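Here the chain labels run A, B, C and D in written order, and each chain numbers its own residues starting at 1.
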Amino acid sequence: MTHWVLILSCPDRPGIVLAVAGLLAEHGGNITESQQFGDPLSGLFFMRVQVETTVVRAELEPALAELGTRFAMTWSLDVVGRPVRTLVMGSTAEHCLNDLAFRQRSEGLPIDIVAVVSNHTVLAELAAFYGIGFHHVPVTRPTRADAEARLLALVTELDVELVVLGRYMQILSDDLCRALAGRAINIHHSFLPSFKGARPYAQAHERGVKLIGATAHYVTAELDEGPIIEQDVERVDHTRHVDDLMRLGQDVERRALARAVRWHAEHRVLLNGHRTIVFR
Amino acid sequence: MTHWVLILSCPDRPGIVLAVAGLLAEHGGNITESQQFGDPLSGLFFMRVQVETTVVRAELEPALAELGTRFAMTWSLDVVGRPVRTLVMGSTAEHCLNDLAFRQRSEGLPIDIVAVVSNHTVLAELAAFYGIGFHHVPVTRPTRADAEARLLALVTELDVELVVLGRYMQILSDDLCRALAGRAINIHHSFLPSFKGARPYAQAHERGVKLIGATAHYVTAELDEGPIIEQDVERVDHTRHVDDLMRLGQDVERRALARAVRWHAEHRVLLNGHRTIVFR
Amino acid sequence: MTHWVLILSCPDRPGIVLAVAGLLAEHGGNITESQQFGDPLSGLFFMRVQVETTVVRAELEPALAELGTRFAMTWSLDVVGRPVRTLVMGSTAEHCLNDLAFRQRSEGLPIDIVAVVSNHTVLAELAAFYGIGFHHVPVTRPTRADAEARLLALVTELDVELVVLGRYMQILSDDLCRALAGRAINIHHSFLPSFKGARPYAQAHERGVKLIGATAHYVTAELDEGPIIEQDVERVDHTRHVDDLMRLGQDVERRALARAVRWHAEHRVLLNGHRTIVFR
Amino acid sequence: MTHWVLILSCPDRPGIVLAVAGLLAEHGGNITESQQFGDPLSGLFFMRVQVETTVVRAELEPALAELGTRFAMTWSLDVVGRPVRTLVMGSTAEHCLNDLAFRQRSEGLPIDIVAVVSNHTVLAELAAFYGIGFHHVPVTRPTRADAEARLLALVTELDVELVVLGRYMQILSDDLCRALAGRAINIHHSFLPSFKGARPYAQAHERGVKLIGATAHYVTAELDEGPIIEQDVERVDHTRHVDDLMRLGQDVERRALARAVRWHAEHRVLLNGHRTIVFR
């Protein structure tokens, strides 16, 4: 008996749920979880189903392919809980890597961090503790293209499915953003769209906000404009200096990032244009 | 075209989703929202579907009845957004009535408050402003049975579907609780199961908690033990006296109560033994 | 015995707390609450003290004036809990007025709403229920100056200390903003600085944010840029349309506004340039 | 120039603030932060002051001792930011130790974890990574007294100021609780006073609560009844099984515990009978 997760999207029209339920029933499937959403604005329909069956992938996929063609569907099938091969990029801040690696180890976060890539060496120690390969890839303006090529080579070589930018303080080229479209998650240290760009905590302090936030989003070529997966906030007051905001913010950042990574790895996040559907 | 909401529960087994989807498709239905949950502990399956169709109730109901028999289902069918006929009970505190009546008037809360019943007269003014009939039903130990009989008579007479206890400071008899089972919601002014019984804010202050809460639950004969629909909390600190907790608590109470009433009125709450499924 | 609240700010230097504590002790004062903050950036010191004493205002004020001169202080003295004379402006949405008026009536919010001013007539009914004078002041481009003059006349005539813009959908002139500086609070229906300007919920929906918010701030000539007093957020997901955001947002708006108005009325908010100190 | 933190409590009466401010001014002190609270119920006054001065401890302490005698004060003086020598006890769950050690390393949590004590060996690896001595002290019913003696010996030997029970699954004897009174913090995995005792997540699931919580409190001989320092909650719904609650709960536990430990280490927590004052 395998526990499958199927996600799909297609133009909305009557009969999709019935067709999916029918297909799964024909293959002896018992649906354990199912969520759907029809977006009246985009006219698209989205669905996520978990189903238990003894039928194997080689039998399921052709049936799904046929269904996909009939409904002009984008779909994907995976085994529930399979760890997603993940590469974490960072610079000097350790909290994102520490949090994700710890949750993989102790809280059942379904990822397998196969590499840490950094333009600094600070993260090497943590990576070693968690038994993750560490790759020091320095970046300077002239070497950026080489560094990105090396990253992409690692992605291919290690069969990486998800790249997480855990406070990686370099801007990616448009080409790299496109190459990683839909499989790279960044954590931005503000409640987007407030305080885009550099030094968001300094901007937040200057503006005198009463809540600080963090935003986990897919990486796109437009900086800090990618589809938002998760956001969270924390209350602050006038006594907090910029340094305090940075420290308090780390907690919000890792919380929002961990949720986004979990939902992505559990195939709960579907793209709807520049917004996301999150079937929590 | 009517927009229907169907809720159902039955022993879990393969084929339920397919059968429901099939039935709705046969009747020209387009599913706009669907949620389901199978509880491995109770072995029960729960589902809520919103569906648009031109087919009328007289045609849908027999088909559902047949399906219901086949799967040993409890089910109910309603029109999406139909205001639920509601009776609000209160004593002297006005915040629950004010909040529910205002949300009915201005925020599309799908209830129709058809009566206010109180053992005091304080609420008469608010009821009059909102054009709701006010019924003063004093309660003393010897007259409690009469008072409850009068309430039940009103429930019948006014075709009341939902009774809301908005800080009604009288304990209902077991018989009344049973008569209103599944259609009476109480707001308890603590984060249950903490501080059951009387004076929860005084108990909370005495214990020195750092968060106070409120719990909206279905009324059962066991005091403060009914199935929980919604809970919420608010941060407090050592400077707060009991009076402050009561004032701050009003906000939490009305928030939790309003959500519970909305979800109930939208047929999003299903009973699973002494717990609830809330398809938000 | 009178319970006083004293707030003050001045350039920071050693000896301020001692001088204030000494002055109050000399006048038989017993300090019941005291908060202070020295801002290293602006070099300013802020303090709020509640003190009980039998000494009358005529004796306290000259002593405070002398102290104020010595330390180049801005200060003000009031009686704890005195209701602040408040004018509420609105357009068609009722939730802000309903919330503030209800909290004044039932939750001890220390304001006295002496007038409602609106460019529509929707709020007249609510104002009448709460016994508040309603002033219909229509605004069109050519009559805006007249309308603002009438508002200012009312402010003077009714001895208004605080103007609350409760979803008043007109932009105030720079002159009016200046005339009301520090005594006008607006509720903006977004988590500023996100979604400044018009239709913030539509902007929020378009951007696909996962939390919506509201911001209570002092009105300044720069639109949506005034000092922030309070902010709050509410979780939303992909199923929410713009209309849902507007409805859910009403709850956040009234919560943030009510807190800001309470803190202002309790003299807990001090201006520190374009930011606020809130001694909660 | 040293930055001191002074905390004190004494029977409330006029003149305390003035006396403290006077003493500090005489010693060239510049107050940078000050908070106070008079509890009308206990009649006690509590104060926390941060002050910068060039005066050394040998001069400050006699003056404070004299003041303390005059006002029947309990007081203590420390240097702001000095790391508190901390011993962490745990069993098999790693999240508390991982979180505290990481925050010490990367977020400026002012503790110095000098030992990890456990009745299992799971935590040895993490302790080694963070360079902390690991002490395996197995506990069985007959050896409990020996194990506790060994713990107390370590506390003395290593000059431990704070003991943190980070999901240590053994009940401490009354004698040990008394020996560590006011310097041992436990994290309980429920929103106390709900679900005292064993298996709180199973109890929470059974009761069908909509929020789960965690409580950081000082250890006392009465199980789960010690003074509460901090509480936090997380929303859950009907889809969550007991295992999910345990996993989600880890996040709440470490958040509440980290705040409580920080506030304790920064001398922000004062005992007021069986409740706490937290000068945040």
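Convention: a residue touches a chain if its C-beta (ideal position, glycine included) is under 8 Å from a C-beta of that chain, and two chains touch if they have at least 3 such contacts.
Here the structure is a predicted model, which is why all the values come from computation and not from measurement.
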Cα-superposition angle relating the copies chain D and chain C, to nearest 5°: 180
Same-site or different-site touching of chain A by its copy chain C, using the half cut: same
Far-end chain from chain B, centres as C-alpha averages: D
Considering A-B alongside A-D, which chain pair is linked by more C-beta pairs in contact? A-B
So what's the Cα centroid distance for chain A and chain B, whole Å? 37
How many angstrom lie between the centres of chain A and chain C, each centre taken as the mean Cα position? 41
Counting only residues that touch at least 2 other chains, which ones in chain D make the list? 33, 37, 239
Which word fits the touch map of the chains here: line, ring, star, complete or other? complete
Going by the contact rule at the top, pick out the chain D residues touching chain C in the complex. 14-15, 17-18, 21-22, 24-25, 28-38
Along chain A, where are the residues that touch chain D in the complex? 33, 93-95, 98, 102, 105-108, 129, 239, 247, 250-251, 255
Which bits of chain B are touching chain D when the two form their complex? 37, 39-40, 191-195, 207-211, 213, 227-233, 237-239, 241, 272, 274-278, 280
